[in-house]
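Note that chain A is present in both complexes that follow, paired respectively with chain B and with chain C.
Presenting the complex of A and B:
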């Protein structure tokens, strides 16, 4: 039995169904991401766990205890908000102290725990600063420290990295993952960023239209997307017609293809774009099956030019048959 | 930073001069030893300042105006904060109507308001009472308080409240420790504007003032219509000096930008 269990969870706003028959079991200490485009219901789900929204139907339990019956102030859940939601009139230390004060923890223990939290997020020396005097990355660390200092049963992260620039985001992701594993804290991340979900999660739940369409370890999902939606939302995918069943499609990841001289390989086409990404080249090839993408590891200069005719080859083992049309 | 060109500098200088000149003239005139309004050049005197002390009416009116402005601004603020929270956060029936009503004193001519207040006070027999005047002024300054409070409520990140709740704060604690401090700059700014507006208010006050409750602007106005002694200049000069002192203190303690423009730290 999972530590955090969401059972047939639904949320309707009037006639609009945001979340429908949502089921998810999260183990203690696990890091799970809800990944999906905006409007897929992932934030609504998070808000129901936090207690800001009441489910229309279904159950949320932690260690078997019904969470819906508990007011959000008593749920003992740490949340890092997209906007960080720091208290602008309080210093870094006061921000982190807030949750401890609410729990009536003595001043002495409070200062010890604040010091430890500040240590964990590497903010030593910033205790007396106000949020306005910090960079985006530092503000995010404060938000994280404020959430973990209360030793919550669950940590909820609501698009926590979306306001950081790309380089900082990567650093923070590594750091966040490290902190989460060190503390062994059960974490649920809500994001639309596939890279973030893959870098951080033990498991990813891909959401679409208020439901989970596929769940599993990042590698597992990436390698075996169940539907066209998953194969294109999580990474890029070439969609080929399934020769066995006309209505179905086959997914072929661009990095599983090889460019070969014209006349060889399984498909022929004309190169319409060739883009250099540093670690790899991206070729766009116009074939009988439409535009296909091919990644080639950067082992030397570009292997084909615009307008050149090339062949594309792949191993049959890399083809993935998708269920249904969507 | 952009540098101002010579024309801009001249323009700004003239503009400031245009604003300050009348005040300077009033202060200048207040030092005349003569019995009529005149700008002194050789003889200077504090005669009209002593005269303020001798005629108890002005002092009494000053304290009345001060108390009235304080009470009206405070009462208005107490009503405006819940109103602003409701208007900014909930979409209820009659929301637009309520907002328009709170802001209507700005749009209705003061004369009309004054007459209306007088009739209303007579109808509920509170004419000539201090509390009646406070009530009227509170309504009159409501738009200023509401506008500024509304701006800070709208501008605040509501997730901060959710954060406080998730950290274990009750609704009451969340308001006291998070919401209130976050909208405080707007509230203080609105209160100050309301205070100044009430202290300065003449048109409405002329109607609702009574012989025993004459605000300072009304007393000055009455004085001018009857005589033209330089005491109006010396009273005005005292107000100017007091305002200046208050502004300096506020700037030192708090920063005027933060107070009136709402720029946060």
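Presenting the complex of A and C:
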């Protein structure tokens, strides 16, 4: 039985269904991501767990205890908001202290726990600053410290990295994962960023239209996407017609292809774009099946130029048959 | 004119019309009032030009004027306080309302500003006057009348009614910039509804409360129509006294001196208040 269980959860706003028949079991200490485009219901789900929205139907339980009837102030859930939602009128230390004060924790224990939280997020020396005086990355660390200092049963992360620049985001992802594992805190991340979901999660639940369309370990989902949506939302994918069934498609990851001299390989085409990404080259090849993408590891200069005719080859084992059109 | 010169001088000549307007309509009358306050007045000879502090000495040494000024500032303080207590929650509720209702409520709050203060105050007279709707009704059913006209409570209630839109609007303007997620954050950290309001919402709208207080305080202490109609001659405030000095006793220099003292008093409060804001909140709200 899961630590956090969402059972047949639904949320309707008038006639619009944001979340429908949502089922998810999260183990203690697990890091799970809800991944999906905006409007897929992932934030609504998070808000129902946090207690900011009441589910239309279904149950949310933590260790068997029903959360729905409990107000958010009593749920003991730590949340890092997309906007960080720091209290602008309080210093870093006061922000972190807020949850402890609300719990009536003595001043002495409070200062010890604040010091430990500040240590964990590497914010020593910033205790007396106000949020406005911090960079985006520092603000996010405060938000994280404020959420974990209360030792919550569950940590919810609502697109926590979306306001950081790319380099900082990568650093924060590594750090966040480390902190989460050290504390062993059960965590649910909501994101539309596939890289973030893959870098952080034990399991990813890909959402579409208020439902989970596929759930599993990042490698598992990436390698075996069940649908066209998953195969294109999580990573890039070449979609080829399935020779066995007309209505179905086959997914072929661009990095599973090889460029070969013209006349060889399984498909022929003309290179229409060649882009250098540092670690790899990206080729766009115009073939009978449309534009295909091919990644080549950067082992030397570009293998083909724009306008050149090339062959594309792959191993049959890398082809993935997708279910249905969507 | 070169483009660079144009760019440099444009702000000055563009603000010229506004400057002229303020110079003619505000600065000149103010200086004239200031000069007037140093003249003297004689019942037989009229206004005598000259320079003397005796008008100020009269005001400062007379208990009659002390009472008037004390009442004026007392009104200012009480009305400001009540506007905060009523206006802040009202602005908060307004901000939480949904689409059509928010606009409707906003119109209901701002709408009265479009009606003359005199008319609004006369509304109170019709409603609460000695022979007004409420008191006539109370008398009919055999209950005691509620004194309202010519009482300080009456003046204060009517002033709060006139001033509260200014408080609501300034608090509301600040509330719109407050991240609503901070309320959720506070709740998730274990704060009850009242704690969320007093420890997270109110501190964030303090700049709005302070600027609203400035507007309400200065408008209340310089208010004329409401204290004149509801307070009458018995409950004089600074502005009604100035009016009487100018138009009834015709002692213009004395009236001017009272006007200058009132102006300086309000300015002292405003500047002190601003200092307080800057010292306390500059760091937090830049």
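As a convention for this text, the second predicted complex is superposed on the first by the 326 of 326 C-alpha atoms of A that agree within 3 Å, B and C clash if a C-alpha of one lies under 4 Å from a C-alpha of the other, contacts with A are read in each partner's own complex, and residues count from 1 in each chain.
FYI, a contact is a pair of C-beta atoms (placed from the backbone, for glycine too) under 8 Å apart; a residue touches a chain by one contact, two chains touch by 3 or more.
The structure displayed is predicted, hence computed values, not measured ones.
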Superposed partners chain B and chain C on chain A - clash or fit: clash
Partner chain(s) touched by A:132 [first = chain B, second = chain C, both, neither]: both
First (chain B), second (chain C), both or neither touched by A:252: neither
Contacts of A:50 with chain B and chain C, given as first, second, both or neither: both
Partner chain(s) touched by A:146 [first = chain B, second = chain C, both, neither]: both
Touched partner set for A:93, first chain B, second chain C, both or neither: neither
Set intersection of chain A contacts, chain C complex versus chain B complex: 50-52, 72-79, 81-83, 85-89, 98-99, 102-103, 130, 132, 146, 150
Chain A partner contacts - residues on chain C that touch it in the complex: 179, 181-182, 184-192, 195, 199-200, 203-204, 206, 283-286
Contact set on chain B toward chain A in their complex: 157, 159-160, 162-170, 173, 177-178, 181-182, 184, 264-265
Complex contact set, residues of chain A against chain C: 50-52, 71-79, 81-83, 85-90, 98-99, 102-103, 130, 132, 146, 150
For the chain A and chain B complex, residues of the former touching the latter: 50-52, 72-79, 81-83, 85-89, 98-99, 102-103, 130, 132, 146, 150
